[in-house]
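Two complexes come next, and they have one chain in common, subunit A, joined by subunit B in the first and subunit C in the second.
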Partner chain A sequence: MLFALLLIPIVAAIAIFLGSPSRITALAAALANIIVAAFAITQGSCSVSFQVLENPNINLSLGLYDGMSVIMLILSVLVTLAAVYSGKCPEGREKLWFSSTLLIAAGAIGAFLATDVFFFYAFHELALIPTFLMIGMLGRGDRKAAAWKITIYLATGSIILLAGLLLAMGHLDSFAFSDLKAIPAEHQNTVALLLIIGFGTLVSLFPLHSWAAPAYACAPAPVSMLHAGVLKKFGLYGILRIGMEVAPEGMAHWLPWICVLLLGNIIWVGLVTLNQKRLDLMLGNSSVMHMGYIFLAIAALAANGDNEIAKPAAVLLMFAHGISIALLFSLSAMLEEKTGTLEIAQLGGLAKKAPAFAFLFGLAGMASIGLPGLANFAGEVMVFFAGFADWSPKDGLGWVQITTIIALWGVVLSAVYMLRAFRNIFQGPLVKKTSDACDICSCDVIPAYLLSAVLLIVGIYPQLILQFL
Partner chain B sequence: MQAHYIEFITVGFGLLLLMLEAFSKGNKSRLGLLAAAGLTIILILQFMVCPCAAIPEWMSRFYKYDSVALFYKVIALVSTILVLLMAVDFRKVLSRYTSGDETNSGLGEFYCLPVFACAGLMWMASANDLVSIFVALELVTITFYVMVAYMRRNVGSLEAGVKYLILGALSTGFLVYGIAWIYGAMGTTDLATITSIIKNGEFAEAKLTYLLFGIALMLIALGFKIGAAPMQLWIPDVYQGAPTPITAYLSVASKASGFLVLMLVIGPFITWSATSTQVTLILSIMAGATLLYGNLTAINQENFKRLLAYSSIAHAGFLLMGVASGDFTSVSFYLGTYLLMTFSAFFILALVRDQENSDTIDAFDGLAKRNPILAATLTITMAAMAGIPLTAGFLGKFLIFSAAIQSEASWWLIAIGFISVAAGFYYYLKVVKAMYWNAPRSEKSIQVPIITKVVLVLLTIGILVFGIWPQPIFDLLRLLN
Partner chain C sequence: MNPWLLFIIPFASAAIIQLGLKRSAMASSLLSTLSVVATFVIACTLLGSDQSDSWTWVKAGSFELNIGYNLDQLATGMMIVVTGIGMLVHIFSLGYMKTDSAKARYFGCLSMFMFSMTGIVLASNFAMMFIFWELVGLSSYLLIGHWYHKDTAADAAKKAFLSNRIGDFGFMIGILMLWRITGTVVFADMDGSALGNVCSCLAGAAILLTFCGAVGKSAQLPLHIWLPDAMEGPTPVSALIHAATMVAAGVYMMARLFLSLGVTPENVEILSYAPQVIAWTGGITSLVAALMATQQNDIKKILAYSTLSQLGYMVMAVGLIAPEAGMFHLYTHAWFKALLFLGSGAVIYACHHEQDIWKMGGLLKKMPVTAITFLVGTLALTAVPFTAGFYSKEEILYAAKGTPLFYLAAFVALLTTFYMLRLFIVAFLGKPREHGAKEAKEVAPIMSLPLILLAIMAFAAPHISQIFPVPTEWGFHFKILPDLNSSVFWTSIGVFVTGAVAAFVVYSGKDKDPINIPLFRNKFYLDEIYQKLITICQDAVAAIIHLLDEFLIGVLLVGGATRSAQGVGNIFRRFAQNGSLSNYAYLMALGSVLVIYFTVFA
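Here is the complex of A and B:
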C-alpha cells in the first residue's frame, strides 16, 4: 500500500505527460493519496522491502518508520492537494505544470516513507529537475537566475550530504534506518560537519540560505508551496533521523556553530525580511527565518540527548510551519491573480473588497508569527521550553539557553513584518490596484480552508499530531 | 561450443560481409542491418558457450573465459550493434561526405569495419597475456583509424583521423616498450604467471625499478586509450571530427576495453605491497587531473558533441578513481551504465544532427515543444550522466565513491570527485535548459526514425530500471562463478 502512495503521483505525472486531462488527473491523484495515506496510518505498520543490491546491501524499503514519518507524510499529502489546486497555470503549459508538481510531491513522499538511507537520499533528488524546469520556464521575475541558483545550491548541498552519508555508512552494517547507530568517535566530528553543511544547505541554514527567497519568489505557487512547505523539511528530518543517530557527539561538538548560524537565520534573515518590499520575497525570507527555530530545537537535542521536549517540538513546528507557509504562498498567488502585483506599497484596503480573503490571509499570517491558538504557537513555545528543559539556575546559561533568549526576539521581528504587510495590503483606503478586485469564490479556496482548519485544530489540540510520536 | 570459436565466427562474419559488399549493388544500408542482425545472433551464441569446455592448450596460453570476460564481450557486442543501427539512421550525413551524393554507394565498408573492431574488443576481453592484449588492441585501433577518417570529404573527419593516427601510433609505441620492460623484469608476459610470481615472493627486488618503469609506460599508453589526463588532449578534436556513430563507439567500447586492459595489467600490482603505493598514487593523480580537466572545461562548451567528449573525459576520471580504489566490480558496473546513457545521448545527437545539420547546443533549443518525448528522454539521459539518483548513472557514481571512501583513498581525490559531480550538474543541465527554456529555432517537429525510436525506448528503460534495481548487472558480472 505504501508503494501506492509513491506510485500514484508518478503514474499520474506520466499519464498527464502522455495526454490525460491535466488538472483532473492531478487532483484525483492528490485526493487518492490523502485517502491511501489515511488508510495506511490508521491500519498501522505495513512496511515493504525489496532488495535491489546484495553488496553493498541496499533495499528499496518503505514504511512508516516512526511518528515523525507519519507526521511528515500527513504534511506532504495535505500540501500536495493544496499545491495542485493553487496557482494559475499559463495556457498550454498544463502538462509540464501538473506533472512537475506531482513529481516534486512524489519525491517528498518517497523521502519521508523510505526506511533505507539510500532511497531516503535518492527520492529527495527526484524533485531537482522538475523544480529546475518549473522555475526556469513558468516562473516570473528573474526566473532563470533563480532556477540556476536553487539547482546548483541544492545539488551541491546534496553532494556534500552524500559524502557525509557515505562516510558514516562505511562504519555501519547496512543502509537500513534500523541499523543506524553511533559510529566510532574519531569520525563523528567529520560526519556531523558534512551532514550539517549538506542538510543545512537543503534547509537554507545561514549562510547557505541565499537560494531560498529568490527561488520561492520566482517559482510558480505549487513549487514554492511544496518546496517551502514540505521538501525543506527533508533536511531537518534527516538531521533528526540520521545525524542525531550516527554522530550524537559530533553534533554536540559543533553545537556553538549551530547556535551562531541559527541565530543568523532568526536575527539576520529576520532583519532582511523586515526590509522586503514584495510580498513573495518577504514570505520566502520569513520561511528561511523560521528554520532557525527548528534548528534551535535540534541544538537543544544535540546539547542534551535526553531532552524529551526537543524532538516533538521540532517535529510539531516543522508540521505547523509547512502548513502555514504553504497556505501563505497559495494566498499570495491568489493575491497576484486578483490585483496583478505583489508590491506591498501598491496595495491597500483589500479587506473592504475581499473580506473572506483578508480573513484567511490574516489567519495564516497570525499562525506564522505564532499567535496562540494556532499550530505554530504550540511548536514555538515547545521549542523555547526545550531550550530550558532540565535546566536549573545554578548551571549558568549555556549556549542553548543564551541562543533561546536571543531567538525570542525573532518573534517580535516576525510580528512586525507580518502585521505591517497585513495592514498595508488589507487596511486603509482602496487604491487603484485593489479597487476592482473581487472576493474569492469559495471553490477556489477549498484547499486554503483545509489548511487553515488544520492550523486551527492542531493549534487548539496539538496532541492530535503529537500522539504519533 | 568452445569460447574462442565466437571470435572466429565474428571475424568470419566480417569477411563475409566484406565479400557481400563487394558484390552487392544498391542500398548499402541493408548491409548495416544485416551486420547488426548477425552480431545479435553472435550475442545469443555467446550465452550458449559452455564455460566448462576446456580451452585447448595452444589457446589457453593467450585466452581465458570467465564472467568478467563475458561481461566485456557483451559490452563490445551490444555497443557494436548499437553503432551499426545508429549508422543506418545516420546514412544521409555519411553519404554526403563520402560519395558526395545521397546514393549510399560509398557506405559499404562503414558497416563491415565495426564487426572487425568488435572481434578485437571481444578478444581483448579474454586476453590473458600481454602479447595477446597488444594484438587485440591493435586490431581495434587500426580499424578505428579508418572509421574515424571515414567521411573523406569532411575536413573535420580527416583532421580527426590524422590526430588519432599519430597519437594512437605513439601510444602503441609506449605500450610495446612498456611490455618489453615488464617482460625484462618479470621474465614472462603471461599475466597468470606474473600474479603467481608476485604471490610466491619470487620477484628479485633489484629489478623493481625496471618493473615500475614498465608499468609507467603501460599507464601512459593506456591513458591514451581511456582518455585520462595528461594524455586526454586528442579526445575533444577526434570526438568532434569523427562520424557521430564512431564517436559513440570510441567513447563507449574503446574506453571500456581500455579500462579492462588497465584492470588486467594493473590488477596484480595494485595489491602487491612493493608496488601498490606508487601505482595507487599515480592512478589517483591521473584520476584527479582527469576529473578536473574534464568537468571544468566542459562547463564552457557550446557544441553538444564536444561537450560529450569532455563529459567522456570526466567519466574516465570517475572510473580511474574506482580503479585507484581497487574496486573493479564497481568500475565494470559503471561502464555498463555508461554504455546506456552515452548511446542514448549519441542517438539523439545523431538524430538532431541529421535533421538540423548542426551539433551545437543551440540546435536543441525548444526541443520540448518540437518533440516532448524526445526532450524527456534526453532529460533523463542528462540526469543519469550528471548522476541524479534513481537513474543508473547515480548508482555507478555512488558505488565508486563508497569504494573510494572505504579503501581510504586520498581525501583530496574524493574531494575533487565531489566537486566534479557538482560541476557536472551545471553543464548537463545546460542542455536541459536549452530544450525547455529557450524558444525553438523552427516550428517543424522532429521526426524520429523507427530504429532510433525503439533503441531510445530500450536505453531509457534500462537507465531507469538499473537505477532502481542494479542487481541484474552484478549478476551478469558473476554469471559463470
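Here is the complex of A and C:
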C-alpha cells in the first residue's frame, strides 16, 4: 500500500514522458494518491521494507512511523493535487511540467514515509532535481540565477547535513529511526550544530534564507507550492525526528543561537517582507518569516524535552503553513494570469470584478496572518503556549519566553504586509490593469476551495490533525 | 434552551448567506434578522441561569484549550444588550440598506459579528475569548470596509484591524503570563491570590498587558485612532459594533478578569500598580476625546468621539476598582448610544448622505420622531436626572470621589453637555441651511420603530435590574432617587447647566462655527504624528533592513562564497564546458549519489 503512494506518481511521471495525456494523468495520479493515503492512514500502520544492501544494512522501508509522518503525508497528497491543478504550463512543455511536479511530490512523500535516515535523506535529494529543472527551464523572470542560487544553497546545506548525519550515525546501531538515541555527550554539540545549519538551510533559517524568496518568485506555481508547502517542511521534520533524538543536549547548548536566528526570521525577514513591492516576493518572504514560529516551538522543545505542547504545536503549524502558503502561491499565479502583473502598486479594486477570487485570497491571507478559525492560528497559539509552558513566574523570563514575546510582534508585522497587499490589490477604485479582469470560473478553483476548506475545518477543530500525534 | 444555540444560529446564518444566499439579498436580510430575533429570545430565557459546558479544542498531553460557555449574571445580562441592540440594528438596517448593492454581504457580516460577539460574552476561558476577540475584529474589518471601493473606507478598515492587532500583541502576552501565574486560563478556576505570590512588578505587568487588549478593542489612548475612522462603515454598524457592543468588549473583559481573580477594594494590592495606570488611561482618554468632539462637524464623528470619551469613563471606573459602575455605564450607554447612532443614520439617510451638521438645521420640524428620540438620547448622554445615563454616570463619579479623577470626570461631563447640545442645536434647530436638509422627511416606520424602542430604553434601562450585566457577587444597587445632600449630585447638575447654557449662548442661531481651535479640530495632530512615526519607525526601517538583507547577506556573505567557488569552478569549466542547466542538475545528483556511496562504503 505504502509503496503505491510512491509508485503512483513515479509511474505516472514516466507515463507522461512516454506520451500519455499529461494533465489528465497527473490529476488522476494525484487523486489516486489521496485515496490510497486515506486508506493507508485509516488502516493503521502498515510498514513494508526490502533490503537494498547487506553491509551496511540498508533497507528501503516505508511506514507511517508515527503521527508526524501521517500528518506530513496528508499535507503532501493534498498539496500535490492542488499543485497539479495550478499554474499555466507553457505550450509544448507539458511533459516536463507535469512529470517534474509528480516527481517532486514522489520525493516528498518518500522522505516523509521513510523510516530510516538514509532514504529519508535520499528522497529529499531526489525531489530537488526536478525542482531545479522546473525553475531553471520553465520559471519566470531571472530564472537561471534563481535556479543556481537555490541549487548552490540547498546542495551546500545538504552536504553539511550529511556530515552531521554521518557523524551521528557513527554512534548508532543502524539507520533506522527506531534505533535513534542520544549519542555521547561530547559529540552532541558538533552534531547539533551541523544539523541546525544543514536542516536550517533547507528551511531557510536566518541568515541562510536568501535563496527562498527569489526561487519561489521565479518558480512555476506548482513548484513554489510544493516546495514552500511541503518539501521545506523536510528540514523541520528532520530536526524534530533526528536532531532532537540524537543530540538533545546539543540542541539545548545552541538554544540562545536558535532563539536569535529564529527572531531573525520573524523580525528581520518580517521587515524585509514589509518592504516588498511584488506579491510573489512578498509571499516568498512571508513563508521564510513563518518558519521562525516553527523554530520557536523547536526552541521550546530544545530548552526542555518534556515540553508537551511544543511538538504538536510545531507539527500543526507545519501542516497549516503548508496548506496556506500553497493556496497563496496558487492564487497568486491566477492573479498574474488575470491581470498580467504582480506589482502590488499596479493593481487595485479587483474585488469588484472578481469577488469569489477576492474571498479566496482574503481567506488564505487571513489564515497566513493567524486569524482564529483558520488552521494557522491554532498552530501559532500553541507555539506561544509552548514558549511559556516552562516558565515559572517566580524566576525571571528565560530565553524562550523573551523570544516568544518578541516573536509575537511578528503577528503584527504579518498583518501589516498582508492587509496592505489585500487593500492595494482588491480594494479601492479599479485601475487599468484590473478593469478588464474577470472572476474565476469555479472549475479552475476546485483545489483552492479544497485547501480553503482544509484550513477552515482544521482551524475550527484542530484535534482532527492533533489526534494523530 | 441550549446555550449552544446562541453560537449555532448566527454562525449558521452567516454560513448559509456566504455559501448559498449571496444572490438573494432579500432572503439574506430576512434570514439574518430572524436569526438575531431567535437569539434574543433564547438569551431572554437564559437570564439568571447558571450553566456551563465545553468541548476540547486542542489537546497536547495534559495541556488543553477548550471552547465552552459559562453563564452567569455578567454574561447573560451582556447577552441581552448584545442581542437586543443587535435585533434593533438589524431591523433598522432593513430600511437603511434597502437599496445597497451588497446587502447580502452586509447581513452575512452582521451575523458573523453576532456569532463572534456571543463568543466573547459567553467564553469560559481566556484562550476562547482571544479567539472570538480576533473574530469580532474581523467582522468589524469587513463591515467598516463594506464600501471597499472607497479609498477612505478601505483604509479605515485596515487601520482598525491593525490597531487592534497591536493591542492583541499585549493581550496575548498578558494571557500567557496569567496562565503561568494562576495556573489556568479558565475563568472559573482562576485564583487572584496567586498574583500575590509573584513579584509585584510581574503581577502588575500581567494585568496591564492583558489590559492592552482592552486598549485596542475599546479604543483607549494611544490606540484610539481607529474608532473615528471606523465611521466609514454603514451607520447601523457604527451603532451596533462601534458604539454599543464590540468597543465595550474591553470593559467587559476587564470586568470578567476582575471577577475571576476576585478583585475587591480590600485586596486590590495584588494588582500592584496596574489599577492606577488603567484609571488614568481611561480618564485621559475621556478628556482628550471630549475636547476633540467639541470641534468636529461630521455628525457621526462627534458621536464617535463621545463614544471614546464614554468608554474612557468605563475604563476609569474599572481602574478605580469599581467595575460594577463601569459595567452599569456600559449597559446604559449601549442603549442610548445605539439610539444616537441610529438617529444620526436616519438623519443621514433623510439628508441624502449629508453628514456635516453645518449643512443641516431645522430637522426638528422635518422629522419629529427622529428629532425627539435623538433628543432623548442626547439628554441621557448628558446625564439629565432620571435618564439612564444619569444613574450610571453618578456611580462613576461616586467611585472617583476623593481622587483627582473626580474633577477630570466632572469637566468631561461639562464638555459632553456642551458638544452634544451643540450638535442638537446646529442640526435640529434653526433653519435648514442646504438642499439636503430642506428636502428631508421622516424615515419609514421600519427605521423609526427601533428609535422609539431605544428611546424607551434610555429611560427604562436602569429599572430592569434583571438584565443588568453586573455580577451578583458585587452586590450592586443604586438609588432611584438622587441623594440631594450629596456633592456628587450637585456637581453633575452644575456641570450640566453650565454646559447647556454655554452651548445655547455660543451656537443658538449661528450658521457657522464661531469657535475655531485647530488643535482640537485636528485631533491633537495624533494621526499625523502616528503617520510620521510609522513612516520612520516601520517603513524606513523595513527599507533599510531590506537593503541590508540584499547586500550584507546576499552579496557579501553568499556572494563572497560563490565568487571563491567560481574561481575554482573556472578551472573545471574547461573540462565540463557550458552544458545546459539540466546537465548540471543531473551531474549534481550523480555527485550526491557518489558522495553517499563513498562515505557509506568507506
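Definition applied: the second predicted complex is superposed on the first by the 469 of 469 C-alpha atoms of A that agree within 3 Å, B and C clash if a C-alpha of one lies under 4 Å from a C-alpha of the other, contacts with A are read in each partner's own complex, and residues count from 1 in each chain.
Note that a residue touches a chain if its C-beta (ideal position, glycine included) is under 8 Å from a C-beta of that chain, and two chains touch if they have at least 3 such contacts.
In this text, all values refer to a predicted model and were calculated from it rather than measured experimentally.
K.L.:
May I ask you to decide whether A:90 touches subunit B, subunit C, both, or neither, giving the answer as first, second, both or neither?
P.N.:
Neither partner.
K.L.:
Given the touch rule stated above, what does A:462 touch, subunit B (first), subunit C (second), both, or neither?
P.N.:
It touches subunit C, and subunit B stays clear.
K.L.:
Residues of subunit A touched by subunit B versus by subunit C: which partner has the larger set?
P.N.:
Subunit A has more residues touched by C than by the other partner.
K.L.:
Going by the contact rule set out at the top, does A:256 touch subunit B (first), subunit C (second), both, or neither?
P.N.:
Touch partners of A:256: none, neither subunit B nor subunit C.
K.L.:
Looking at A:393, would you say it contacts subunit B, subunit C, both, or neither? Reply first, second, both or neither.
P.N.:
After superposing on A, A:393 lies in contact with subunit C but is clear of subunit B.
K.L.:
For A:340, decide between first (touching subunit B), second (touching subunit C), both and neither.
P.N.:
A:340 contacts neither subunit B nor subunit C.
K.L.:
According to the stated criteria, A:21 is in contact with first (subunit B), second (subunit C), both, or neither; which is it?
P.N.:
Touch status of A:21: no partner.
K.L.:
Look at A:60 in the shared chain and tell me whether it touches subunit B only, subunit C only, both, or neither; answer first, second, both or neither.
P.N.:
first
K.L.:
Report for A:411: first if it touches subunit B alone, second if subunit C alone, otherwise both or neither.
P.N.:
A:411: touches subunit C, not subunit B.
K.L.:
By the touch definition at the top of the document, which applies to A:162: first (subunit B), second (subunit C), both, or neither?
P.N.:
both
K.L.:
Using the superposition on A, tell me which residues of subunit A are in contact with subunit B and, in the other complex, with subunit C.
P.N.:
56, 118, 121-122, 125-126, 129, 132-133, 136-137, 144, 151-152, 155, 159, 162, 166.
K.L.:
Across the complex, what residues on subunit A touch subunit C?
P.N.:
Answer in residue numbers: 56, 58, 118, 121-122, 125-126, 129, 132-133, 136-137, 144, 147, 151-153, 155, 158-159, 162, 166, 207, 209-210, 268-269, 271-272, 274-276, 308-309, 311-313, 316, 349, 351-352, 366, 371-373, 377-378, 381-382, 384-385, 387-389, 391-394, 404-405, 408-409, 411-412, 415-416, 419-420, 423, 426-430, 461-463, 466, 469.
K.L.:
Can you check the complex and tell me which residues of subunit A touch subunit B?
P.N.:
Listed in rising order, the residues of subunit A that touch subunit B are 17, 51-56, 60, 95-96, 118, 121-126, 128-129, 132-133, 136-137, 144, 148, 151-152, 155-156, 159-160, 162-163, 166-167, 169-170.
K.L.:
Name, in rising order, each residue of subunit C that touches subunit A in their complex.
P.N.:
Residues 56-63, 65, 127, 130-132, 134-135, 138, 145, 148-151, 154-155, 157-158, 161-162, 165-166, 168-169, 172-173, 176-177, 179-181, 197-199, 202, 538-539, 541-543, 545-546, 549-550, 553-554, 557-558, 562, 565, 581-582, 584-586, 588-589, 592, 595-596, 599-600 of subunit C touch subunit A in their complex.
K.L.:
Going by the contact rule at the top, pick out the subunit B residues touching subunit A in the complex.
P.N.:
368, 372, 376, 379, 383, 388-390, 394-395, 398-399, 401-402, 405-406, 414, 418, 421-422, 425-426, 429, 432-433, 436-437, 468-471, 474
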